[in-house]
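What follows are several structures.
Common to both upcoming complexes is chain A, partnered first by chain B, then by chain C.
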Partner chain A sequence: MTRGAHGNDPLRPYDSGTMGWTRREATHLLWRTQFGASKADIDNALAAGLERAVERLVTSQPESQSFQRSDHLLRQVAEDTGNILDLKAWWINRMLHSANPLVERMSLFWHSHFATSDVKVRSVRHMAAQNDLIRGEALGSFSALLSGMARDVAMLIWLDGNANRKRHANENFAREVMELFALDVGHYSERDISEAARAFTGWHVRNDRFWFNRRQHDFGQKTVLGRTGDLDGEDVIALCLAQPACPRFLARKLLHAFVTIVPREEDVGALASSIRRHDFHMAPVLRQLLLSQLFFSPSARHALIKSPTDFVLGAYRSTKSSENLRQTARVLARLGQDLFAPPTVKGWEGGRLWISSSSLLQRTNFVADLVADHVVPINSEPKRPERLVQYYIDLLLSGRADETASDRLVQYVEEGARKPGARTRGLLHLIMTMPEYQLM
Partner chain B sequence: MSITRRNFLQRMGAAGIVSLGAAPPRFLRQAAYAAAIEGKASNGRILVMIQLAGGNDGLNTVIPYGDPEYRRARPGIGIGEGSVLRIDDYLGLHPQMEGLKQLYDDGVLGIVQGVGYPNPDRSHFRSMDIWQSARPESERTEVGWLGRCLDLNVERHAGTVPAIALGTDQVPLSLVSSKFNVPTLRDISDYELRLGPGSQADRQARRGLMSQLATGESVPGSNLDYLRRTQAGALAMSDRLKAVAAIYRPTTDYPQNELARRLKSVVQLIAGELGTRIFFLSLGGFDTHAQQAAAHRALLTEFSSAVAAFHRDLKGHGLQDRVLLVSFSEFGRRVQENGSLGTDHGAASQMFVVSPTGKGGLFGAHPSLTDLSQGDLKYHTDFRSVYATILDNWLGVTSQTVLGGKFPTIDFV
Partner chain C sequence: MCHHLRNPRTLGHLLLLCALIPLIQGQGARGGTLAESLPAGALVYGEVSDLGKVLGPLQKSSFLSSLLTLPAYQDLQATGPYRKVDAVRRLLEIHLGYDLWTAAEKFMGGDLAVALYPRPNADQPDFLVVLRVPDAEDLAHLRDRIDPILTLLDQQITVTDHGDGMERMELGEGLVLAIGSDRLIVSNCHDRINDMVTMGVGAKSASLAQDESFMRMEEALGTDHLARLYLNTELLKSAGDGRLGLPEKMDNPLGSLLLGGILEQVARSPYGGLTLDMDGEGFQLTAGVTADAQALGAGYACYFSHLADTAARTPLRPDRTIGGISLFRNVTDWYGQREALLQAQLLPGFDKFESGLANLLPGRDFEQDILPTLGPRFSFVAALQDYSHLDGTPGVQLPGFALVVELARPKEGAELLQLFFQTFSAVLNIEAGKQGRQPWILDLQTHRGVKITSARYLQKPSGTRLPMVFNFMPAAARVGDQFVISSSVGLCRDLIDYLQGATDAEPRGTNLALELDFAAVADSLDLNRDFFLARRIQEGRTPDQAQQDVDLVLQVLRYVETLSLTTRGTDQTLQASLKGTWQ
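Moving on to the complex of A and B:
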């Protein structure tokens, strides 16, 4: 690669030596790769340095004994009760406590991408199995994930696989593969859909398992995306992956999730090339992205609106609150991110769509409830009002509050004869309901 | 100044002024002033849009039971002459739609038949985007048709809550505006602000600070700007809705379903004179690819019974002349049923209107069941004609500006 090309490459490495690796960069990295960041998390990442912090995220870390126990127990409870709320609780526990937070983050990313809802599937077992499939490839191979999804029981139920028969091809799955899973609108024709649907005929569910129903499979000749032959579902998937639109589609979605909702075309192109070069393996792609100049560029800082999981789990982490997992699942649903029940096959679109005056008020009320139960670690916080306010502005807003706002907060802390605990609770309530706190 | 504008300002006077965050105070003063000099009578016109999400099977909703082709295409899920609610010798309503049949007999229910648009798209999302943006030709659709309607009248709406989406997770594209953050409510009680524990003085101090902290210099159009405006709007709405909730009493029994509950909230908000002109509701689940009969029956029961109760309650409050209700769906479904007792994505279908001016009835002929386009009904009425009617004849907004073209209006209002 020539020097000039390297200089223009948006994915060239961020030089933390000259550009800085401070609490702000560490906070930026952690908020986007796990669910919130405690003071200790930030201290650890800072000490490790950028490269090691990223390496820990993209490689598998051993889970603690206690996590393994709680994970196993919660999963068992969900499968025994058959109540989807318990499965939500199981997942939330993983998001909060797994030593591999980026795996959970990417699992949530793929859950939204392959949006399947228990509202129709109605089975904890199948939803859990799909979640396992996703988690197994969360940082792995997208092509394996796509193939797995085409045979996934929950997905087949969700998109009416059993209705896709030789003489009555059902287009639901084929359409979503092209429109939502691999290519996006505009990169296929209606004819491609109806022909691809024939290729997936007979991909059914029997006895709660994937079953290739030969008698209902159409072995005839089909033409999909310019290729003609006796194509089956696996061929259609391979044809989709080979389209230039596929890595671009994924690149755009990854940029939305990790960098900015308005990526530049050259950034999409660069990340798409990386995806193609790494043959759709996500860990090396994410490593490159998280270490890049683009990821730390000024336009990426505080550019994302927190999703409900970011907001709620992040608030727990920042305040070191203990959480009620089932209650948390209900709160997330109220805020618009009901796990295992995305609103449509398009998943959660996110960005500004998370925010309406109604959802914002719900977020505000969540903070009021959280802070009410909050036991303040009084010993570790500064006493002087200016210092106290700055301490929490640094921790919760990554230092981002204008002077007027911090003056107002200092004034609040100084006025009124409140006990230290009540004073801190009031301050947390005010900071965490500031519009700035919605950004990360 | 048009009649509608004057009426609207009058209504704002009655509603009181609700701050919408960053809306310039100048507008507020103007609007309040105009309202004050134009009197207090309140007869502002209101639009209620109901989205039947997923693609309603229009053929099993307004049923051409008299057509042999219908029986041939629907051997498994067809609904026969014996059970339809007869409109005439050819058409009948789905048997569960007694509520709507009554409104039809009363002359207030209009059925606009054969509605669609050129080159129909069979993707839920694309087609829904087309309906909600009213721009079939445009790939990127960021502002909705009702949002554009709001944008054209910033001054008129400044300081009010011009539109509300009820029961949707997100702001529907129809209402996405470049100037207003249209709120979404799950329930009126969603807007109750909690402040947590603390003395009365402390709670008051924090409530005041919250509003102050939601203001400040921010780049127009930035995320922070958007969040601040939304936060300020949310806090103001919360104050206003608290007052509204105390006034309303229903005048009829509502059925026990979600849509009814939401429509009841709409009456409550109208009766409370909130000043909102546009309400948007969504009923989902119409994507009936398999085993359609039971699901479709339940959905139409909910739709019909809820709309009927809504109309009764409006009448009870003397509000029926002020409210136009319109339903739409992203597409109808294929004429031929599929192999799993369901139907796949189709094209043209009907729209329902509940007319505030008593202009019900059938509008346009039922599309032919033999002259099809790729197995789907052909449209003869562009949906933008229905929108043009709503805009020109009801909301008093020039449809050409909103729709980017001239579409003939229909005589349902």
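Moving on to the complex of A and C:
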């Protein structure tokens, strides 16, 4: 489509032919859609072109045999030991090595959205099953995902499903469906919540499975979001999805995750329309967003603060370091993103909250450990100081470093350690602790 | 007489050397140990004899050849450091005229000794390294082969002849190499070599073998070993702060229970000795000191079975045993003497422990009421499980564990332990409920006339990869004057079978006996292969690399058969012996 056909639509396609498809655009796309980008990732995306690169992200790619084997073993050992740290390791391995990184990224997005914590659930198998449910619909249907969540065992334990009985309706799940999962504050009343809670009564867990407890379900008349009848949980979910607030709520969160921490209302509206048009199917919505002018606009570049997973896994991927998965899970927890244990029912709010004096120090310590113990210098890296610095500025900062910083780095390389390994480690340490590296 | 090597050796020089050879060979000749030809007063002395007989079979062993085919070894061969070492090896082999295995067999077929001597007013000791070869011609051959090197390095190496039959080469930085007809000596001190040589020509200086503490070590540990190590602890103490760096009291209660009394005996012994023997079937490593347990004081009697004229029992071997450890420890005395045996900062922990225990055994005093019901012999055993308590197996198959306590007052002790077991199970049940797991019910069954109290689930767990928690279904039983607490009812039954049969006792004075069956260890690892593969992948290995790692460990484990450790005391000595057998 031409620009003229879309007018000022923020989701109009980015014209890579005119506006450019360089390493910077490729790096921007990959950092937002996977966890960091290696030089090879960037080269491949560049060679493929924008459309094919995005298509590869939003469609299912075959996994390698090696990945399938490690994935199977890591998942199996997590379920065998019942240790949540092993499940974290399994997921980190997927984030790092899956051929479908956007699925993992969206799984993390939905994990934060539906924020269920093992601290209360205390079952690796239930947390893993919820993660499977999320992954299955990560790029699929939000309505199917929301419906599945209402019956998910971990969610029912997390939000006290078994306490939701016809004579004593527990509002926890109904409240979160409206406030945190589908509508946001201001788009429902307290009465909607209490009535919706009645609709979910009897949605219980028995023998580790979802169980519709008819004896505890309230089959009476309820009025939710303006509709009256013998409503059950599915009806409430359908009513929520039908509200105009629902796609706007999701659109705002998607823009917050993929574009900017301060989305404009017109951008929210445009993406909400796309969500509604695609009937809450995420793959076409994300395809449109990732190919849009909005996604590549100057205000969207380097506009997000890296989450701990972006920061840590991105560092691994960029430097091709070998990683200890369980240790990585502990590092993420220290940095404020403990997988399978979001801090509140709101999940990780992210944005500026990722950075504090304490977490910044933790990030610096992580980089110090990484470059000291794990980084393997790349054989093909340039030898001349200017080129070496530019190589890593391009790789790690998407080329974004002012002249002064660049000169100081060159000076460091020229005056620093003579051994190439020590020189590269020192340089990486400096770049990865720059303020610019905290952004993507 | 000093000269550079470039100067031709005179016939007279050679004749003199020939004349002195018998004198040099006279002291410490074949059949005697090198300690007889080394000066007295060594701080440390180590000796290896006839290592060649071990190296030969090792070179031909299937174990070594299979190690060399491992992918990990292939990877190692591609590394820079390996290539450098290999290049040096090839250079040496070309120069020597035979490969390093042959060289090792030729030169290590005799004796090699290293001794350290105190050097007054210096931090570093003097050292003497002596190599005695079985065939003097081999040394002569080596001497000929290094001649060109010495010629090339004539500015750096000075050769002197003191007329004593030892050709000496100053290698720089005070290092001296002396070559006799059948031996080669390296030292950082001329005088030490002189002392050694003058011993050989009839001087009256004493040899190391005549040192009082050395003779006591030989008396206790014998002389005929593949290798041995001697420490003169009195000299080491006077060289240090007088305490060998050993703490006066233990800082770890478990360490104190397992190893208490040993360090204290080492600190008081005039020597420390270590011997190693090896053949095609296994090895034995023995460490020994002189010991007088009674001299340590009454507080230490709890560690030594010979004072009670008894011994730890032989490690238990029920079906599918992986390993076991048996201990003699008079825990009542140990607990009562804790202030004398342990560092003061640990003592509040005991008070806390007693307070916590009071909740499980209300109205009882741990020291006065509980411990005296226990006897001094304990056994701990680990065995592969049969999972008869499940319809299926857990995904991670842990061994079953059991503690067998000998009871001094069987009826009273068994009831107290039974009460403890039931209360503890109830506490675990509450915790299981909190975590949404199935709780246990306590069941009573009889096996060969013995009542077993065991935990079981209302519904028998079934499935092919059950959660790890299903490895545990604890059981307790009293078998005569012994009480069994086991992590699984199957192991409890096996132990009842075993304990009702004849069980062996270790020789008098045995304080600790440990046995490990490596085939069972390997079986356990193999059963959990996926678990270990996953662990390696979690550590950053690829699936293929993880597979290689696990295969290597399994291969090594399968090569070893058993490992056992015993510590044993008498009125004069305390010895620890580690034995291993292999295929």
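Here is the rule we go by: the second predicted complex is superposed on the first by the 428 of 440 C-alpha atoms of A that agree within 3 Å, B and C clash if a C-alpha of one lies under 4 Å from a C-alpha of the other, contacts with A are read in each partner's own complex, and residues count from 1 in each chain.
Here is the rule we go by: a residue touches a chain if its C-beta (ideal position, glycine included) is under 8 Å from a C-beta of that chain, and two chains touch if they have at least 3 such contacts.
The structure presented is a predicted model; accordingly, all values stated were derived computationally and were not measured.
In the overlay built on the shared chain, the residue A:324 is in contact with chain C alone; chain B does not reach it.
Considering which of chain B and chain C touches more of chain A, the answer is B. When the two structures are aligned on the shared chain, A:157 is found in touch with chain C, with no touch to chain B.
Once chain A of one complex is fitted onto chain A of the other, the partner contacts of A:359 are limited to chain B, with no touch recorded for chain C. Contacts of A:238 after superposition on the shared chain: neither chain B nor chain C is touched. Of the two partner chains placed around the shared chain by superposition, neither chain B nor chain C is touched by A:341.
In the superposed pair of complexes, A:77 makes contact with chain C only, with no contact to chain B. The interface of chain A with chain B does not overlap its interface with chain C at any residue. Residues of chain B that touch chain A in their complex: 122-126, 139, 165, 169-171, 181-186, 190-198, 201-202, 205-206, 209-210, 212-214, 216-217, 223-224, 226-228, 230-231, 233-235, 237-238, 289-290, 338-340, 342, 344-345. Those residues of chain C that touch chain A in the shared complex are 394-396, 434-436, 465, 467-469, 530-531, 533-535, 537-540, 542-544. Contact residues on chain A toward chain B in their complex (touch as defined above): 160, 162-163, 165, 167-168, 170-172, 175, 179, 185-186, 190, 302-303, 305, 334, 336, 343-346, 349, 352-353, 355-362, 364-365, 368-369, 371-372, 402, 404-405, 408-409, 412, 415-416, 418, 422, 425-426, 429-430, 433-436, 438-439. Chain contact summary for the complex, chain A toward chain C: residues 66, 69-70, 73-74, 76-77, 79-82, 86, 89, 93, 122-123, 125, 157, 322-326.
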